[in-house]
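For reference, chains read A, B, C and D in written order, and residue numbers begin at 1 within each chain.
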Amino acid sequence: MAAEFLFSQFLSGLTTAIFLFLVASGLSLVFGVLRVLNFAHGTFYMLGAYLAWQTMAWLAPTKEGFWLAALAAATGIAILGFVVERLMFRHLYGKEELYQLLFTYALVLILGDAAKILWGTGQLSVSRPPSVEGSLSVFGALLPGYNLFVMVLGFAIAIGFWVILQRTSAGRMIRAAAMDREMLGSLGANVGVLYTGVFVVSSFLAGLSGALVSPIKAIVPGMDVEIIVEAFIVVVIGGLGSFWGTFLGALIYGQVLSFGILIFPRFSIFSVFALMAVILIVRPWGLLGRPLK
Amino acid sequence: MRRRTLLASAAASAAILPGRARAANEIKIGMPMALSGPGALYGQPITKGAEMCVAEINAAGGLLGRKLILLPRDSKGNADESVRVSRELILKDNVDFIVGSFTSAESPAVSTIAKENKVLMVAPTAKTIQLTSPANLHPYIFRTASTTDIEGRTAATLMAKWDVKRVATIAPDYAYGRDIMEAFSVLLKKLKPGVEIVDQQWPKLGQADFAPFITAQMSKQPDAVFGAVFAGDFASLVKQAKPLGYFDKIGNRYIGAGETGSIEMTRSLGTDYPVGIVANTYDPVIWPDAPEVHKKFTAAIKTHLKDDYGSSWAIMGYAGVQALAAGIKKAATIDADKVSKAMIGLTFETPIGPQIIRGKDQSANRGQFWGKLVRTAAHPFPVFEKVEYTDPTPFMD
Amino acid sequence: MSRRIPWTLVVLLLALTIPWFGSRYYTFLATQIAILSLFAVSYNLLLGTTGLVSFGHAAYFGLGAYATGLLMKELNVPFLLALLAGGLLPAAFAGVFGYFCVRLTKIYFSMLTLAFAQIVWAICFQWNEVTGGDQGISAIPYPELGWIGAIPGLGGFRTGDHFYFACVVLVILCIWVLGRITDSPFGRLLTTIRENPERASFIGVDVRRYELAAFAIAGGFAGVSGALFGIFNRGVFADFMFWPKSAEVLIMTILGGMNYFWGPVAGTIMMVVLNQQITSYTEYWPLVLGTILLVLLFAFPGGLMGALDAGAKRLRGQKTGGGDA
Amino acid sequence: MLDIDNVTKTFSGFTAVSGVSLTVEKQQIAAVIGPNGAGKSTFFNMITGHLTPDSGAIRLNGRDITGIAPHKICGAGMGRSFQRTNIFPKLTVFDNVQAAYLAHRGKGGNFWSPAERFYRDETEALLRSIGLWEQRESIGGVMSYGAQKQLELGLALASDPALLLLDEPTAGMSATETHEAIRLLERIAGERELTLLFTEHDMEVVFSIAQKIAVLHQGRKIAEGTPAEVRADPEVRRIYLGHH
């Protein structure tokens, strides 16, 4: 009994972690290359959820349309990311870091209100697709099929990233950018294209994760800031620019929340900030990060 | 040189004109309300309800021969912003009354301002008992909302009817959640001494990940749950709890406070709604046994909101203005002190029938609609099987 | 040449004239601007002077508000004493939190300041017994300032005006002190940290200690402004410490121009007035604010003061027939 | 004066400096040379406290300064200039140097008096001696490269060092600038009775002013001696001077 319970609590934490990792992965990628913490990442995530809902509303009769809707939402947000990067963001490269940060915050404000104008203030909801409706029992703990699907996808994205980072020339450039900016220039990389590409991929991931959480979380105004703070923290405790650090950060956060509430029932409101404070005090550059130059 | 900026800015701020002087043929009502941020979900329909009431009164010739003017302002759901806009309404727009402030954090704050400026205020939605506790009561604060006491205690009477021994709770970790749980458990233990509270979960307000709370609670094997998780948080809870078998395991013996039975909630969750649970709402909206006045109100609000189903929240703004209007009418003046006196013991009409403002805590006897949610062929979302209005009078002290 | 004009005094005198307009609303608006100006100027000691981007300055604002509010309401402590506590307590907290924060740099520093601020917020949000939880502490008494009415010429004013006079004098006093600190050798060495921390350490600046001192001083003055704001607002709430408040002070400072000592004041005036004007018409204040930010970033990166400064230079250049604009 | 004893520094498996010792006598002008990646910068950063050696010891006037903070080493009488120009770019030339005086002479604890009143004469004298007095109102970061280097020297001198470490003092300079910079250095070192330790890639510069030269290669010291001795060293000729 006790072991079963601990395992199901672990699975709950893992679910929390993987959903958070999906969002944080794109944030981590952009930070590694562009050296900007993109506040608007959470807004892209929220817009992804809204777009998925909208596509579902258009595809009304078929619930399996969710898969298409998720893809459409992710693509839509990737296009939005492309436009934002090309038209505006790139003009701020080379300016002070703070201004880039403020730019992304301005996007949060503007796009947040735009979503409110388009979809209202009420909550929206997307149903789980029937193909992953059921749940399966793992060592006596119940694991919903949809969560399992997202977990597999989360791990697949993590491994996929690892392969891309290690094995492709784009990956080498991304790693170089994360480690040493001067090296990037000497690699002869087309920095402009790399930045746009990374921003678009990150936006795609934000849109995708927004669409993927819509069957398990309500779509409400304000979900953008709620998630961005958590995602930021996961990226920071993992070590900025470190992809595996983000993965590890998310896993730790999930378990800290999951088991923290067993010990301190009123821990939830502190959890993520307490975790960040402790980790940054002990390891000033995050778990797998290196000092910023 | 650059310090000239300062002078220029000072001059610019001086250019803002203070509000027009009070017109003799108008009665101005300021309405600080959460129109942006998470609270906008409620604030918007509440404001629409108040708007409609004002329009109806004006169409019928106004009040004391004067026209009502409603000035809604976005409080952003923040206490300090609420205070700021309330003062602005009083000092700049010269409002005669205030109907509004949304949350339990905003309302006591605005109440202080009302008292200081001797402007009478009606709080249409604030549930905190602190608002009208003896220490905080003053002649200029009235409440037409239900309270955490009423909500928690009426839920306890429902729970007491069930054959359950092990009860768990889940509520957002802040004053509302803790007050309602306190009210609930004290009365439940009195009504049903054998019952045991086996688990209490406190997710934060705005929690999106409920899985850890759900599995932790299920491990304590409760027979029934009283929940006060509301709005988007409730939707997230349900979506994550259902596939974990949470509702099945307790045989749907879940009582959901925080207006989780509202039509907004059932509509947005649709087929994902955990049918079989008992939940509350301010206005059942789809209510076959409704009194005539409610049917009329529902028809009107549907048109006003341009929505096929209306809203369960609009009634709160509507009734708040009704209470104030009745008070002004009875006092036959807009003098705040006289209206205040007139409102004590006042009976006023609302879409769910007449309500009384008692003197003790200057609060209306606004009760709770509780009912079990079921699926029917008539609607694409769950509706109340049979909704019952619980008179709050026995639970108000 | 502009240094010879005692700007602090000029601002003080100008600000003191507001109640003579006779509008309670002007006084109300001016009080808000005065108090928040101090908040922003204290923040700029970190941002503009030392180059530290704190995401948690609101914590010290809120701590000051709670300290003074509780002392005045629960223990009837006299105003000035309570205000002093409202400065010292946040300074002490800033000293402790800052000790850990200044060991970090750049975005890590910012995130740790955020973490501490949010933890403090969460405690205040939850601790019903002391802080009143999310409902905060209402009905904080006004200080006893009736004696102001006894000053010749100030007889005809209301309580709100008296409080405004007190606020303006206190705020200007604090801003003056902050100005002295900024211009002092200590302040000058803070600017070397902003410019080049590595170099600063090798002209003999103990970077962390200086940063910590600046952090504690800024926290203390933020606390004083929070204390005044709590009284002005007639209540103290956990919202005071929530991170959007920290974002707000950051935006106000940049809006006004972080490279100018009076920049944050200009930014505060702009924010307060705009917010007040725009919320009267629409609930889409974030949309407006976001657009203003975009315009600022792309067109006026020096903020309001920067834009005016550039404009004034150009004007001067034209008059003298050329020169470097 | 400066006594470096067998210092080693390793970065994640890569040994940047391995067991290097060096002694610099009072008022000596010494140079450390070596090809790119020889470990010169790491060596310097250990001396100035920006890096802590894994092993070995560094003594300044007999006092152990191994691994102590840069600002303390600065206080102990060591000044330094950096390879990449390292000034306070948005401050004026005058304020740059004045700040260095404020810091070095411990005025940082003064929160009250206007900073501009302090050390005006000292700053003026120093700016005149390094030839920047005319440009005192210029913003540091917008001056010519050579002038920035001069300013950096000024920052180092303001802390009244007995020992001055210069990392590539003429890097990026034109031939004329280099010539002037070297003359300035020699003059200042003479006037102030300074001990100089510098790295430099321009061999002409090194051999024209250094009294002692140490050669680093792949983190090890392979030769040390007078310019003539180093020039004659066969290994140095082979691996280093041969490249030129």
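FYI, a residue touches a chain if its C-beta (ideal position, glycine included) is under 8 Å from a C-beta of that chain, and two chains touch if they have at least 3 such contacts.
None of these values were measured; they are calculated from a predicted model.
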{"item": "Pair of chains joined by more contacts [C-beta pairs], C-D or B-C", "value": "B-C"}
{"item": "Chain whose mean Cα position lies farthest from subunit D", "value": "B"}
{"item": "Length of the line joining the C-alpha centres of subunit B and subunit D, rounded to whole Å", "value": "71"}
{"item": "CA centroid of subunit A to CA centroid of subunit D, Å", "value": "47"}
{"item": "Length of the line joining the C-alpha centres of subunit B and subunit C, rounded to whole Å", "value": "35"}
{"item": "Whole-Å gap between the CA centroids of subunit C and subunit D", "value": "42"}
{"item": "Multi-chain contact sites of subunit A, meaning residues that touch two or more partners", "value": "113, 116, 266, 269"}
{"item": "Per-residue overlap in subunit D, given as positions that touch at least 2 other chains", "value": "none"}
{"item": "Touching two or more other chains - residue numbers and ranges from subunit B", "value": "36, 40, 173"}
{"item": "Subunit B partner contacts - residues on subunit A that touch it in the complex", "value": "5, 8-9, 11-13, 15-16, 19-20, 113, 116, 121-125, 127-128, 133, 135, 141-142, 144-147, 213, 215-223, 226-227, 257-258, 261-262, 265-266, 268-269"}
{"item": "Contact footprint of subunit D on subunit C as seen in their complex", "value": "180-181, 183-189, 191-192, 195-196, 198-207, 210"}
{"item": "Touching residues on subunit C, where the partner in the complex is subunit B", "value": "2, 5, 7, 11, 14, 21, 23-26, 28-30, 32-33, 125-126, 128, 133-136, 138-139, 229, 233-235, 237-240, 260, 262, 265-266, 269-270, 273, 276-277, 279-280, 282-286, 304-305, 308-309, 312-313, 316"}
{"item": "Subunit D - residues contacting subunit C, complex", "value": "48, 50, 69-71, 74-75, 79-80, 82, 86-91, 95, 98-100, 102-104, 107-116, 118, 155, 158-159"}
{"item": "Sites on subunit C touched by subunit A in the complex", "value": "53, 100, 103-108, 111-112, 114-116, 118-119, 122, 125-126, 243, 247, 250-251, 254, 284, 286-287, 289-291, 293-294, 297-298, 301"}
